[in-house]
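Each of the next two complexes has subunit A plus one more chain, namely subunit B in the first and subunit C in the second.
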Partner chain A sequence: MIRFIGKRLLLSIPVLLGVVFIVFAIMSLTPADPGSLILGIRATPEAVAKLNHELGFDKPFFERFFLYIKDIVLHFDFGVSYMNRKPCLQEALSYFPVTLQIAALSMFFSTVIGVSLGVFAAVKQYSLFDTFFSVMAMLFAAIPGFWVGMMLILIFSLTLGLLPPSGVASWDCYILPTATLVFGSSAELFRLTRAQMLEEIRQDYTRTALAKGAPNRVMIWRHALKNALLPVITSIGNSFGGLLGGAIIVETIFGMPGIGTYMLKHILAKDVPVVMTCTLILAAMFYFIILLVDIAYALIDPRIRAQYARKRGV
Partner chain B sequence: MKMNKKARAIKKNAGFWYRFTRNKSAIIGLVAVSIVVFAAVFANLIAPSEDVLKQDYSAIMQPPSKEHLFGTDQLGRDLFARVIYGSRYSLVIGVTTSLVALLIGGTLGSVAGYFGGAIDNIIMRILDVVISIPAVLLALAIVSALGASLVNLMLALTVALVPGVARLVRSVILTVAEEDYVEAAKAYGASNFRILLRYIVPNAMGTIIISTTINISYMILSAAGLSFIGMGIQPPDPEWGALLGDAKNYMRQAPHMLIFPGLFILLAALGFSLIGDGLRDALDPRLKD
Partner chain C sequence: MSEILLNVDDLSIVYKTSAGEVRAVNNVSFAIEKGKTLGLVGETGAGKTTTALGILRLLPVRTAEYRSGTIEFEGQNLLALSDKEMYGIRGRKISMVFQDPMTALNPIMTVNDQIAEAIRFHSDGTLKREEVDKRVNDILELVGIPASRKKEYPHQFSGGMKQRIVIAIALVCEPALLIADEPTSALDVTMQAQVLAMIMELKKKINTSMLMISHDLGVIARTCDDVAVMYAGEIIEMAPTDMIFTGNRHHPYTVGLMNSLPGVSGNAKRLRPIEGMMPDPTDLPAGCKFAPRCPFCEERCKTELPPCTEQNGHLVRCHRFA
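And then the complex of A and B:
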């Protein structure tokens, strides 16, 4: 098991370097140079050229890339913002908790809701319960999250006056943003869990369990669910990427000071270092969640566990 | 032998159509997509094209009425015309990005899956890196570097979609490549190119068509999301997400601005995903519950 985790951790180095390279390459397509962005349109060409030289912007692409990597690895330095000359990383991290809270809360609730409803729907296939939630899941998978968010504000804040429409002042500010994301992502988990459960319930081993006298309840929760959950777990990890992306959009609707709001403001100003830092933080976050999910998967799935146990023996 | 194969194909297809048209949700999807396609193709017959941009300061943020079926926006523009013309953007973006991503991702995936070995390793490791950046974030980064416009938005969405498509196509190709008829074709000396195009791709097509249909729905939603935050189609162009971006600022005064563009996004996205599900059930009855 430790071998497996070690291998995955080692593998994360080239992947993360690759991510930095891709993001760096994309951002270097920005048609503006930092000198003219920082100094503004009234600056003399000489001053712009001088600043570009100081920032190392006149160096070739790969040299700039290696310097960027070097600063990150050696000094944990992601550069300074063109807009306010503050270090990007510290500033971006100060916005990070809000985004992470929204994404994590949504991941938790959509898992609980999606998986449990999925199991019940599969067990009671074709019942009213199953039909109702299957139709709802279909709908919510196709509704744009930001539209749901605005409708929720319209209903619960502007019409009923129950919940705050924006801000992060108290805990109830998080209810609507989380709900916005939960609708979409629990719908997906519901559909996957239901489909997986339906498949497992029909397998021979569940029939055997029933024939051996195990009660239906034990068959469902102990036997079928355990197997059905494996693909669901992978999907939960992947959905976290969607939730991070969704959180960026949701923050702008609810006026929350998260990394999405921060990033958008700096995108409009072509503040490349900030956009790059935010993208990298979110991508790294996503990568480590996937990694954790993979490890959890290996811990749960005896087949993968056995594979590594055998290798150690050889 | 040839006749037999053809006859089998016809029978299989007949079953497919029978199953597809018997599927209620697939038909709903087909109707929903037809409405959107109809609106896009005949937009100029449904609403005069000058209404899309014509401002009328005497009728700002009017609720739905006989003259303005969907009401008017903050500049007095007719929302009905804007929503109808908006379907052109969403359809073009959804279909084009999904097909281009299929072309690129499909080529990468089939080459990787069929040849395996070093080629497979190189392609898949690169895609692993791209896929570890959340799609919306990747698209956002590309648009922010290149600037927000229709072409850049489509480019960004395509790039974000390619790795997923390539992975799927690769896994389907790997499954099909193990079939006996591929083995047989190899044994009588068919070229790689012929095997890939003649035997593997046609048999992998079902899964690929299903996922492409569902991707269209996903791309329509993503394009709307990016336009909503101002990173896609720019005002005054009437893309649905951009319309909702406008509506956000006038939620209190004009809730109707919020409702209609959202319903049309739902119609288009739901339509394509229902068709995708219907195709899956019809092509592979075993997968049906």
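And then the complex of A and C:
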């Protein structure tokens, strides 16, 4: 197991290198050079060319890429922002907590809500409860997050005046953004959990459990749910990636200083180092979450654990 | 006449489906005496498993419905018990061994936990860990699995061993009645004999009664004291085992079953299968259910339900013997 984790951590290096390369290449294709971005439109071509030379922008693509990677690896230097000349990494990390809080909170609540309602709906299949929540889930999976966000502001902030519509001044600022994300992702988890549970409840081993004298709730929560959770955990991991991305929209709507708004501002300004840094942080986060999913898999399912063990030394 | 453990009387079970009502079990009555084994034979879809699950009340709640009858076990009607009272019966008083050992075990629980669970459900929580451990070890030894392997998972065992584990789970609380639903039909032939011999030995050891469900007359002949032949949800013949396999007073379906068995001795002959198919359970014939396939079918067979007639404990539901 430890070998497996170590192997996966090592494997993250080529993955993240690939991510950096792709983003770097895309950013290089955009028709903008840092010299004119920094100095503005009124700068003389000579001054722009001089600055570009200082920044190394006149070097060939692969050389620039290599230098960029070298700076990261040797000095942990992610470059400075074209816009405000501040080191990218420190600045990006200062925006990160807000995003992480929204993503973690909404992941927690959508898991609790989605999974538990999914289990109940599956157990009471065809009941009013099941039908109601299935329809609701379909609805919320289909409605785009930004619309939900705006409606929540309209209802809870502007009409009822209960919650602040924007900012991060107090804890209740997080309620609406979290709720916005929870609607969509809990709907997804609900649908998946329900479908998985319906399948597991019909498996033979649940009947064996009942024949042993297991009360219904033990059969459902101890036997069926644990088996149903595997794909659900994958989905939770994936949705965390979605939530990080979705945070960009939510932060914009609710005016929160998170990595989403920060990144968006710098994307629009073609601030390459900042975009690169943010992308890299998000990619690393996502990779880490997926690793956690795989570990959770092995903890739950002995067959997968056995597979990891067999692949020893590979 | 010894004491009757299980008395099923006039049991009817239907499944409500979109295609109509499936009449899976129709007015079935039988009794099992203490320590005895009753065999339930019949082809696929005859209602054997539904009867078995019906006794344990493990039928799908939404679709299955008890239409009539009582299931009396140790003097109490199981159909009148609450869910909670049923939890105490299942696994403790009546256990079941399922047909397919490959899917009957929870894939992500150790063998030890799956057996220990059965013990814990039926102790009031005072049982010490060591006692549970000991009982798990004992039952594993009885079914021929080394106790050292109990921390392993089902996928690490072969089919035959899995079935031994399923049997261990069923017998660990020493139930008064064991329902074995085709316990060997998913195993290969060499395994079948071993597992069957083991079931019979354990049955004797803990003195449990048994309901043996099978479509294999060989298995039935070897294990059962009495045999009930099921066809289209009805018991059409019931007798002590030796009487089923001998004599001339038989239901035409039973005769058909015997004829479709390959003989071991004598000249190799072509098997004579029963022509036709079992009737559609959503639309059963009004008279004898077997009439459309019966070589002796008369007019009254098509309209009148034949009565059950008894002769020396040999029941046959056929107009020919009425």
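Methods note: the second predicted complex is superposed on the first by the 307 of 314 C-alpha atoms of A that agree within 3 Å, B and C clash if a C-alpha of one lies under 4 Å from a C-alpha of the other, contacts with A are read in each partner's own complex, and residues count from 1 in each chain.
Keep in mind that, in the parts below, a contact is a pair of C-beta atoms (placed from the backbone, for glycine too) under 8 Å apart; a residue touches a chain by one contact, two chains touch by 3 or more.
All of these numbers come straight from a predicted model, not from anything done at the bench.
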Subunit B versus subunit C on the shared subunit A, clash or fit? fit
Touching A:Ala228 in the superposition: subunit B (first), subunit C (second), both, neither? neither
Contacts for A:Leu198 in the overlay, against subunit B (first) and subunit C (second): which applies, first, second, both or neither? first
Classify the contacts of A:Pro31 with the two partner chains as first (subunit B alone), second (subunit C alone), both, or neither. first
Is A:Leu210 in contact with subunit B, with subunit C, with both, or with neither (first, second, both, neither)? second
Take the Cα centre of subunit A as the vertex and report the angle out to the centres of subunit B and subunit C, nearest 10 degrees. 80
When both complexes are superposed, which of subunit B and subunit C contacts more residues belonging to subunit A? B
Quick one: classify A:Leu154 as touching subunit B (first), subunit C (second), both or neither. first
Quick one: is A:Ile220 in contact with subunit B, with subunit C, with both, or with neither? Answer first, second, both or neither. neither
Please indicate which partner A:Ala298 is in contact with in the superposed arrangement: first for subunit B, second for subunit C, both, or neither. neither
In whole Å, how close do subunit B and subunit C get at the C-alpha level once superposed? 13
Could you tell me which stretches of subunit A are touched by subunit B in one complex and by subunit C in the other? 125
Show me the residue ranges of subunit B that touch subunit A in the complex, using the header's touch definition. 25, 125-126, 128-130, 132-138, 140-142, 144-147, 217, 221, 224-225, 228-231, 241, 244, 247-248, 251-252, 255, 258, 262, 265-266, 269-270, 273-274, 289
Taking the touch rule as given, give the residues of subunit C at its contact with subunit A in the complex, in rising order. 56, 58, 62, 83-84, 87-92, 95-96, 98, 100, 103-110, 117-118, 121-122, 153, 155-156, 166, 169-170, 173
Note: in the complex, subunit A contacts subunit C through residues 125-126, 203-205, 207-216, 218, 223, 226-227, 300-303, 306
Along subunit A, where are the residues that touch subunit B in the complex? 14-15, 18-19, 21-23, 26-31, 125, 138-139, 141-147, 150-151, 153-154, 158, 195, 198, 241-242, 244-246, 248-249, 252-253, 263-264, 267-268, 270, 272, 275-276, 279, 282-283, 286-287, 290
